Amino acid sequence: MIAEMKKPEEQEVSLGKKEGEEKFSEISSEMPKLLNHKEEKSMNKVQAKNVHCWYGDFHVLRDINMEIKQNTVTALIGPSGCGKSTFLRTFNRMNDLIEGFKLEGEVLIDNKDIFAKDVRVNELRKKVGMVFQKPNPFPKTIFENVAYGLRVNGVTHKKFIEETVERSLRQAALWDEVKDKLNKNALSLSGGQQQRLCIARAIAVEPSVVLMDEPASALDPISSAKIEDLIWELKPKYTILIVTHNMQQAARVSDKTAFFYLGDLVEYDDTKTIFTNPKKEQTQNYITGRFG
Amino acid sequence: MNLKERIIEGLLFLCAAVCVLTTVGIIAVLLFQTIEFFSEVPFSDFITDTQWTPLFADKHFGILPLLTGTLLTTLVALIIAIPLGLSIAIYLSEYASKQLRGYIKPMLEILASVPTVVYGFFALTVVTPLLQHIIPGLAGFNAISPGIVMGIMIVPFVSSLSEDAMYAVPNSMREASFALGASKFQTALKVIVPAASSGIMVSVILGFSRAVGETMIVALAAGQQPRLTLDPRVPIETITNYIVQVSMGDVPRASLEYKTIFAAGLTLFVITFVLNNISYFIRKKYRAQYE
Amino acid sequence: MNNERAKTLKDNIFKGWAIFATSVGMIMLAVLLIKIGMDGLHRISLDFFTALPSRKFEKAGILTAWAGTLWIMVTTALFAIPIGVGAGLYLEEYAKKSRWSSMLEINISNLAGVPSIIYGLLGLEVFVRFLHLGESILSGSLTLALLIMPIVIVSTREAIKTVPNTLREASYALGASKWQTVWMQVLPASAGGIMTGIILALSRAIGETAPLIVVGALTYVPFVPKSVFSSFTVLPIQIYNWASRPEAGFAVNAAAAIIVLMSITFLMNGSAVYLRNRWQKNVRW
């Protein structure tokens, strides 16, 4: 990444969404682009085909198939240990960091298998942002937190970085609260602010997919509501996958919901259907709070 | 980019490899010179001869006097360090308030940070004259004085390691003992110490190893007379002391005298190596106990 | 009832004994400080720092000794810090759990227990003779660097262990490479702990005498070192030399030099403790 230092103008273009996709998915994404805009919007952004995962001998995910449309919010729900977080982490290959992790099947983003040999994990992670369960800002200034993703990707142009930081903080609805203290340590912010900072940090590198692992579970109700609002606002620009324990939250923020149980994808449908008229009894039991 | 990452990982690996090379280097250097030494001096002489006089005209190469000198000072040190160190450990872990621990532990750390040459000076100029008033017939150089000072020097090692072990004993054990009407002292002696025994063993072994390898205190206060004796009042010489004695003089390289320091060094290394590994494996075992 | 009283009595007797045990070390330290203070303090003057060593005790100074100590400290740090921190990073961040890594672990714990004089023998054969570096500052500092390496490695690892994994994950999730994560996140976050370990290790190196005697540091050096290839002496060796002379005047010099040496080690240990406390306070993930 250092090697491909670019002039800022070029960088700005290449970080733009369409160009970025093109670079990443090469020819495969050219085809749908020829179709009209409506079609493009409904294309499958993210796809899982017959995905199995193991931690050592433990089979955590069994034969998962799922298609996710662009610019939608998909909620992954299910009791603890059902594999939903593992599933989420396959999309930016964070599981690679765990010893003994094994995956079979195909995971496609923009029709490109992200586990293919020629895929660079760092490039992938630039394209697929992630927000974690606990706010985890770096012990650096607010500014440097948001700028970090740009810096590690070789951006050095000062003005471009400043602009991106401001834009990202505005998108994350944090700008007004921190604009006068960008040089303060990020750890001095409140929990809710820290989490929005983490969201700003994630979107600063212009990803097209954002993964959120229970982003509001460590926050108070007000901060939590702000995060939910933010998810709504981000939807037109990003494809969002969110793991949550909170049924109401899933119902409020998502277009589609997937229910996982003991490593199986039990049901995957429109959120409305899942919460009002689920087809499987297990789903019914879970959303009505009979277990989990 | 991948190349850069690989180069960095390679460089860091080399850093870690320096440690292995150090060990290999130590063993190779000691073995090489010792083998040369034994090509001139029979091994049986080395372990059975009761005199060590490589620097004199009438040369004898028996390691025994140096060994007994080393063990004698070590023994005195342990006689001081074990009771003091363990009492401090019990006191800190079972009696002292958190605040008091906060004061005492840094104090003990200071004791451990005093350069050993300073302890040697202290043994020579304060402890020996003092002991000469108490013990009749005590020579100016002897095994008691450096032994005592060395003992006090290793007290912090013994106390901090055994305190860690006692502190790790689960509180439920203490409560069970108190609930049966035991006093603090009874609990400490009959429950905590046995439960922490492996950790205490480790601390004693490491203190032992430390005392065996200690150099400057004995170099200043024990004398330079290799002597096969168990009398702690007379001048003796330890292995470390002998190496210093030869290094301070101008012994020609590649001479037999020069090789003797490596043979003596290897003997010392083997002793500490065995002790350290015993303690390492005990520690490994007892770590698993409460986890 | 009697039984109870006996129990309490035993408890109190032990308490008294334990307090005595704790104070033995302190008492000795106090006596030591008073002794060297009374013997040596009046000897300390500007002349003492600027005078060359001499056969006459009233003229002798520690110029070459403290200059040598300074040279040794700086060059030792130059070798020990990058290699020690690098090895610590490798073991904590890169090495996979394997037989190789557990072998390294036993190895380091063993090295930490090797008597310092053995390092002297290693330095004598490898640096002085095999690499022909002579009885120089370079040989001495390389030897001391190997000696304090285990301390630097262990404290680096301890400091790195306190860096929470969420920090690494956040960095990777933004597309940072392993080294970028280590260099820009892990190292800065653990810098305080690593620094503490380095200072403690160097303060240990400053007090070391035996290994330097073995690699051939001289007791009488009538000049200040000019380069890393100069021969040298250091404060502890000067102290050893003076302390082992029969004349009382040299014992006074030794006490004065001890005051200087102990001031340096206490200062370093004090700053290490200060740094450690400040660092621990600042860490609040």
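Think of it as A, B and C in the order they're written, each chain with its own count starting at 1.
Assume a contact is a pair of C-beta atoms (placed from the backbone, for glycine too) under 8 Å apart; a residue touches a chain by one contact, two chains touch by 3 or more.
Quantities reported herein were computed from a predicted structural model and do not represent experimental measurements.
Visitor: Which interface, named by its two chains, has the most contact pairs?
Guide: Per chain pair, the contact count peaks at B-C.
Visitor: Just to be sure I understand: the centre of a chain is the mean of its C-alpha atoms, right? Then which chain's centre is nearest the mean of all of them?
Guide: C
Visitor: Hey, which chain ends up farthest from chain C, C-alpha centres compared?
Guide: Of all chains, A has its centre farthest from that of chain C.
Visitor: Between chain A and chain C, what is the gap in Å from one C-alpha centre to the other?
Guide: That gives a centre separation of 49 Å.
Visitor: I'd like the Å distance between the centres of chain A and chain B, where a centre is the mean of that chain's Cα atoms.
Guide: One centre to the other, that is 57 Å.
Visitor: What's the distance between the Cα centroids of chain B and chain C, rounded to whole Å?
Guide: Comparing mean C-alpha positions, chain C is 17 Å from chain B.
Visitor: Mind pulling the chain C residues that touch 2 or more other chains?
Guide: In chain C, 177 touch at least two other chains.
Visitor: Among the residues of chain A, which are close enough to touch at least two other chains?
Guide: 1, 122
Visitor: Find every residue in chain B that makes contact with two or more other chains and list them.
Guide: 1, 4
Visitor: Mind pulling up the chain C residues that touch chain B in the complex?
Guide: For chain C paired with chain B, touching residues are 7-8, 10-11, 14-15, 17-19, 21-22, 24-26, 28-29, 31-32, 35-36, 39, 82-87, 89-91, 94-95, 104, 106-111, 113-122, 124-126, 129, 146, 149-150, 153, 177-179, 200, 203-204, 206-210, 213-214, 216, 219, 236, 239-240, 243-244, 251, 254-255, 258, 261-262, 265-266, 269, 273.
Visitor: Help me check something: in the complex, which residues belonging to chain A touch chain C?
Guide: 1, 92, 94, 97, 99, 122-126, 129-130, 132, 134, 136-140, 148-149, 151-153, 187, 198, 201-202, 205
Visitor: Which bits of chain C are touching chain A when the two form their complex?
Guide: 96-97, 164, 166-177, 180, 184-185, 188-189, 284-285
Visitor: For the complex, which residues does chain B have touching chain C?
Guide: My answer: residues 1, 4-5, 8-9, 11-16, 18-20, 22-23, 25-26, 29-30, 32-33, 83-84, 87-88, 90-91, 95, 104, 106-111, 113-118, 120-122, 124-126, 149, 152, 155-156, 183-186, 188, 206, 209, 212-216, 219-220, 240, 243-244, 247-248, 253, 261-262, 265, 268-269, 272-273, 275-277, 279-280.
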